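The following pair of complexes shares a single chain, subunit A, combined with subunit B in the former and subunit C in the latter.
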Partner chain A sequence: MKFIIEKGQLSTLTTLVHRAASNKATIPALSGILIEASREKGLTMTATDMEIGIKTSTEQVDIIEEGTVLVNAQYFSDFIKLLPDSPVTISLNHETSKLDITYGRSTGHINIYDNQEHPGLPVKEALEKITLPQKVLREGLKKTAFAAAHNHFRQVFTGVLFDILEDGMLKIVASDTHRLTQYTYMLEEKGLEPFNFIIPIRTINEILRVLDDSEEKISICTTENHVVFQKPRFLLVSRLIEGQYPSYDNVIPGTFKTEVDIDAYKFTTALERARIVPADERIKIPQIQIYLEGQEAVFKTYSEMMGEIIEVIEGVDIKGESPFKIVFNTNYLLEIARIYAGEGEKVNIKFSGSLSPALITNPERDNYLYVIVPLRTSTSN
Partner chain B sequence: MIIRELILEVGELKERIANLEKSMALYEEETRLPAVTENLFLQGESYEKLGRLYKEGYHVCPASFGQVRQGECLFCIAFMEKE
Partner chain C sequence: MSIRLLDDELINKIAAGEVVERPASVVKELVENALDAEARHITITISQAGLEKIEVEDDGQGMSREEIPLAFMRHATSKIKEEEDLYCITTMGFRGEALPSIAAVSRIDIYSCQEEGEGVWAHLEGGKITSIDYHPCPKGTRIIVRDIFYNTPARRKFLKSPVAESSHIFELVVKYALSRPDIAFTYRGDKKIYFKTPGNGNLRDAVLAIYGRDFLSPLIDIEYKGENYSIKGLISRPEVKRNNRKNQLFFVNNRPVRSQLLYKAVDEAYKGLLVTREYPVVILSLLMPPYEVDVNVHPQKTEVRFRDDGKVFRLVYQVLREHLDNLEYQGIGEWTKNKEDLFFYPEKEKEKKEPGVYIREKKLPWMEDPLFSREEKSQSVNQPLAGGKEVLELVFNRQAADKESDYKILGQVLKKYILLERDNSLYIIDQHAAHERVLYEQFKKQYRQEKTGQMLAFPLSLQLSAKQVEVIEKNADLLKDLGFELDIISYNSAVLRTAPSFIQGSEFQVMEEILASLEEKGEADLYDNILVMMACQKAVKAGDMLTWMEMDKMVKDLWETDNFRYCPHGRPTMFKITEEELNNIFKR
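Then we have the complex of A and B:
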C-alpha cells in the first residue's frame, strides 16, 4: 500500500474517525483505524469500538499502490495532527511490517496490527429510513440533546428519542426527568409507518461534530439494534438504546394559570449573573426564585457564602394569576435561556402552578419547546 | 483471525441478549398490564398513597416506579396529575 496525500486532508479524515476507536487496549483491533487505499474508492478510514463506528473517505489522494493496513488510532491521529502542512507519503513497508509516514526528508515508522482482525462496521439491511437537511438535524439536536441525562438508572434517559409519527412528523425528544426538550420537523417522506428509536448521547455528540448548516441531506436508517447516519463519503453506525421511552406527551402541560412574555436577552443575562451565586452546600443545586407582579419580573438568588442578587426586569407582559412565585434550578433555566438568546426577541413562559412544570416556548417559532419542573423549597408548600 | 471471530461472536451475543431483553420487557409488560390498568383508575386513598410515596422520595411514574428519586420528576408529576 502506498499513497500521497495533503496533510490537511489526511488530518481531517483521522480526526473524524479516531474517536470511534476504543481507548481500551484489551482488543488491539478495536483501538485501530483501518486504512484502505483503492484506486476506485480513494482513501477510506474506518474505526469502531463495536458501540459506535465511523467510516469516511476522500478522493483527493494519489493512490500509488492499493492495500489495507490497521494502525493504532490514537498514535496515528496524534502524529498526523502534528505534521507540517505539506504532502505526506504513506506506505506499508513489507520488510519491517511498519507503516512509513514520510514528510519532507523525515519519516515516522508506525507499528501495525493484523488488519484481518478488524471486525468492520455492523451495517445490515435497513428497516426504516428518513432523510433530512443537515442544518435541520443539527438544529434539532443542539436544541434537545443537552437535556438528556449523563447517568440514569433508566438507560433510555441517557439518549435522544427520534419519534416518527404517522403523519410524517419527526419529534426529537430528550429528558433527564427534571426537564424535557422537544423539537419537531415535518419529514418529506410520505406514507411512513410510525417508528421510534433512542440514540445514545455519545453518538449524538459525534454526529454533531460532522453536521454543518447546509441544506445537504443526511439519511438516518435503522436496523433492529443499530442506527446508521449517512451522507456523501461519511457513515456513522451506532448501537441503539434498548427500551421503551416513557410517554412524553403527558409531560407537556396544557393548562396554565400565569403566562409571561419576557425579553430574551435580559432574561439570559439576568440568569448568567445569577449563575455565579454558589449553590447552598446542603442543597447543592443553584436556585433562582422568580416573582411576577404587575409588569415586573424579579429574579432572586441567595447564597450564605456570597450574598444575594436581586434582578428586576421591567416591562414584562404578565397574563393570568399574579403575583406568582416559583423556584427553578438556575443551570437548567440558563441552558434553555441561552438557546432563546440568539433566536428571537421574547421568551414565553407558561406556569401551571408553583409546583407544576412550566412550558417555555419561542413566540415566533412553534417547532421547539421546553418543559422544566420547579424546585420544591421549604416555602413552596 | 480468532480475535475477529470472537469480536463478531460477542457482537452477535450482544444482539441476542438485546433481543431477549426486549422479549422479556414485552412479557413483563403483558403480565403487569392488569396492575397498570387498575392503577389508571386509582381514586381517593390510593392517590394519596401515591402522593405520599412521591413526597418520601420515590418515583411513582410507571417508568421508574419505586426507585429512589433524585429531585422532582416530570413523569411522576404528569402521572399523578393524570390520576
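Then we have the complex of A and C:
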C-alpha cells in the first residue's frame, strides 16, 4: 500500500475516526484505525470499539499502490496531527512490516496490527430512515442532550430519544428525571410509520463534532439495535440503548397557575451570580428560590458560609396567582437560561404549583421546551 | 434422687428443642416434607410471624389414614430404610424427627389425601392425636401448626421480635423457592402475598418473582456440566456489591446449604474485582452424586461436608472465574450481546485498569463492615482502642498549641498523601481519608437542618421485594426526612417521586442500601450511613493533585474535627513517625 496526501486532508480523516477506536489495550484490533487505499474509492479510514464506529473517506489522495493496514489509532493520529503542512507519503514496508510515513526528508516508521482482526462496521439493512438538515440536527441535539443523565440505573435516561410520530413529527427528548428537554421538527418524509429509538449520549457527542451549520442533509437509519448516521463519505454507527422510554408527554405540564415573562439577559446574569454562592466545599445542591409578586421577580440564594444574594428583577410581567414561591436547582435553571439568552429577549416560565413541574420556553419560538421540577425543601411544605 | 427413664412426652420436648428452634424451623421441616412428597405447588401461609399459625399446603403424594399416626412417631420415616441409604441421601429429610418434634410443641391439624384415596383429617395436641377421621380434601397434604411453643413457655420467651422471626421465615422460604425453580412456591403473610414463583424451572423467573426486575437485571447466567458435577445459577457483575452474604445462596443437590468452602471459592473468584467486605450476589445450584456429599452433619442439615473439598472448591472457583473473565472480553464482533456497561460507561472501563483504586472509591459506605463503624463510634464515647493514648496526646497538644503555626506542610507525595511536620514528628496523611472525615463532619452539621429533595419528572418505578416494600411502608417518615418520597404501588413495587439530588442515577442502588440497613440496624445508623456515603463520593481521591492552599485547608479542617485520626469508614487518616523513631532508623 502506498499513497500521497496533503497533511491537512489526512489529519481531517484521522481526527474524525480516531475517537471511535478503543483506548483500552485489551483487544489491539479495536484500538486501531483501519486504513484502506483503493484507486476506485480513494482513502478510507475506519475505527470502532464495538460501541461506536466511524468510517470516513476522501478522494483527494494520490493512490500509488492499493492495500489495507491497521495501525494504533492514538499513536497514528497524534503523530499526523503534529506533522508540518506538506504532502505526506504513507507506504507499507513489506520487509519491516511497518508503516512508513514520509514528510520532507523525515520518516516515521509505525508498527502495524494484523488487519484481518479488525471487525469492520456492522452495518446491516436499515429498517427506518429519516433525513434532515445538519443544522437542524445540530441545534436539536445541542439543546436537548445536556439534560440527559451521565449515569443512571435506568439506561434509557443516559440517552437521547428520537421519537417519530405518525404525522412525520420528530421529537428529540432527553431527561435525567430532574428536568426534560424536547425539540420538535417536522420531517419532510411522508407516510412514515411511527417509531422511536434511544441514542447513547456518547454517540450524540461524537455526532455533534461532525455536524456543521449547513443545510446539507444527514440521514439517520436504524437497524435492529443500531443507529447509523450517514452523509456523503461519512458513516457513524452506534449501538442503541435498549428499553422503553417512559411516556414523556405526561411530564410536560398543561395547566398553569402562574406565568411570568422575564428579560433573558437579566435572568441569566442573575443566575450566574447566584451560581457562585455555595462554596465548592459544600455538597448541598445549589438552590435558588424564586419569589414572584407584583411586578417583581426576586431570586434568593443562601449559603451558610458565604452569605446570601438577593436579586430583584423589576418590570416583569406576572399573570395568574401571585405571590408565588418556588425553589429550583440553580444549575438546571442556569443551563436553560443560557440557551435562551443567546436566542431572544424574553424567557417565559409557566408554573403549575410550588411542588409541580414548571415549563420554560422562548415566547418567540415554539419548537423547543424545557421542563424543570422543583426542589422540595423543608420550608416548602 | 433416683435415676429413672424420662417419659416420652418429655423426651419429645427435649428433642424438639434440637429441631424446632423457632417458627422458621417449623416452616423448614414442613416445606422439606412437601418437597419430598414430590409436590408441584407449595403454598406457605404465615400468621403473626408464625407464632399464631403456620400453614403449608402441597399437592404431593399425601398420606393414608394408617400412615398419619406413624408419621408423628419418632424415627418414623418413609425416606430411608437401611444404613446404606444414609450415605446416598436424595431426599430432604430422613431422620424421621421433624413431625413428632413439631407436634410436641404445638397444636396441629393435618389434612391429607393420596391419589385415589380417601381424605383424612387429624388433630394433635402436644404430640398426641386427639382425633382422626375421614374428611374430604384435595390430593396432597395441608398441615396447619398453631400456637407453637404453647407448652414450652421458656422457648417462647427466647424468640426474637415478630419482625425478626418473620424475616427469618422469609429468607428461608426464598431459599427453598430458589432451590427448586421447578416448583411453584406461594408465600403469603397475614393479608398479602409476598411472592409467587411460576415453577417453570427457570431460575431467572423465580428470582424475578421474588426480588423484582431491578435485582435480576445485573445478574449473569452461569452453567457448567461435567461428568459427575454440574453447576448452574446466577452471579452478579462485579459492579454489583453487597455488604453481607445474605444474597449468596448455595444449593447442593437442591438442598439449601451454608458452606464456608463455597463462600471462600466465591470470594476467590471475585478477587481483584471486589475488595474485602464487598460481596457479590451469587445463587448457585450444585448437582453431584449423593455419595460425594454428606448432609448428615447437623440435625438442621444446613451444613454439608464434601467428600472432596478441593475438587468442589476448584470447580466453583473456575466456573465463576471463567464467566467473569468472559464478561470483560465478551462481544468481540457481536454487537447484539448485552454489554451496556462496556458500551455506555467507557470511563468505568478505563478505571478497571486499576481495579484496587477504582473499586475503593466507588464503594458505598455501608458496604463496610458494620463492626468497623461501631468500633469507631465507641471510640468517640471515650473508649480509645488502639493508639488511644496518642489520640489524647494530640488532643491536648492541639488545644495547647497555637493553631496557626503548629504544623508545617511539606508537600504531597504519590498524589495520595500529604506530608506534614508537627510536634517534632513526621505525619503522613491520606488525603482521601482526611477529606472524607472533614466533609463528614461538615455534613453532619448541615444535613439535619436541611432536608431538600429533588422532585422527579419521571417517577422511577422500583421493583423491590415484598420485604423491602414493607420496610418502606414502616419508615415512610424517616425516608421523607432523608429526601425520599415513595408511593407504594403493590406488594413488590414502589414509585420514587422525590430523592436527594446528589444520588441522581443511582437512586435504586442507594434505596437498596438504605432499605438493607433499615432492615438490619434500624434507623439509628441511617443518617450516618448517608453522610458517610456522601462524604466518600465528594472527597478528593487518590491521584488528585492538591495545591498548597488545598492541603493547608484540609489539614486545618481535619484537626478541627473530632476523631480526626480515622475516616468515617474507620480507616486511619494519618500515620505518625516521631523524632525518636526516625533517630532509631538512622541509628543516631
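We take it that the second predicted complex is superposed on the first by the 376 of 381 C-alpha atoms of A that agree within 3 Å, B and C clash if a C-alpha of one lies under 4 Å from a C-alpha of the other, contacts with A are read in each partner's own complex, and residues count from 1 in each chain.
Keep in mind that, in the parts below, a contact is a pair of C-beta atoms (placed from the backbone, for glycine too) under 8 Å apart; a residue touches a chain by one contact, two chains touch by 3 or more.
All values reported here derive from a predicted model rather than from experimental measurement.
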*After lining both complexes up on subunit A, report clash or fit for subunit B versus subunit C.*
clash
*Does the superposition put A:Thr158 against subunit B (first), subunit C (second), both, or neither?*
second
*In the superposed arrangement, which partner chain does A:Arg202 touch: subunit B (first), subunit C (second), both, or neither?*
second
*Applying the touch criterion given at the start, work out whether A:Leu92 contacts subunit B, subunit C, both or neither, answering first, second, both or neither.*
neither
*Compare subunit B and subunit C by how many residues of subunit A each one touches, and report the one with more.*
C
_With both complexes superposed on chain A, which partner does A:Ile285 reach: first (subunit B), second (subunit C), both or neither?_
both
*Who does A:Gln116 touch here: subunit B (first), subunit C (second), both, or neither?*
first
*Given the touch rule stated above, what does A:Leu13 touch, subunit B (first), subunit C (second), both, or neither?*
neither
*May I ask you to decide whether A:Ile27 touches subunit B, subunit C, both, or neither, giving the answer as first, second, both or neither?*
both
*Please work out whether A:Ala148 is in contact with subunit B alone, subunit C alone, both, or neither, and reply first, second, both or neither.*
neither
*In the superposed arrangement, does A:Pro357 touch subunit B (first), subunit C (second), both or neither?*
both
*Would you find which stretch of subunit C runs into subunit B in the superposed arrangement, from 165-173, 327-335, 435-443 or 561-569?*
327-335
*Can you list the residues of subunit A that touch subunit B in one structure and subunit C in the other?*
27, 30, 50, 119, 122, 153-154, 175, 177-180, 224-225, 239, 242, 246, 251, 285, 357, 371, 373-376
*If you look only at subunit C, which of its residues touch subunit A in the complex?*
214, 328-329, 331-333, 335-336, 338, 340, 342-346, 349-350, 353, 439, 442-443, 446, 449-458, 460, 483, 485, 498, 501-502, 504-509, 534, 538
*Which part of subunit A faces subunit B closely enough to touch in the complex?*
27, 29-30, 50, 116-119, 122, 153-154, 156, 175, 177-180, 224-225, 239, 242-244, 246, 250-251, 285, 356-357, 371, 373-376
*Which positions of subunit A touch subunit C when the two form their complex?*
23-24, 26-27, 30, 49-51, 119, 122, 149-155, 157-158, 175-180, 200-202, 224-226, 239, 241-242, 246, 248, 251, 281-285, 287, 304, 327, 329, 355, 357, 371, 373-378
*Considering the complex alone, what residue numbers of subunit B touch subunit A?*
1, 3-4, 7-8, 10-11, 14-15, 18-19, 21-22, 25, 29, 61-64, 67, 71-75, 77-79, 81-82
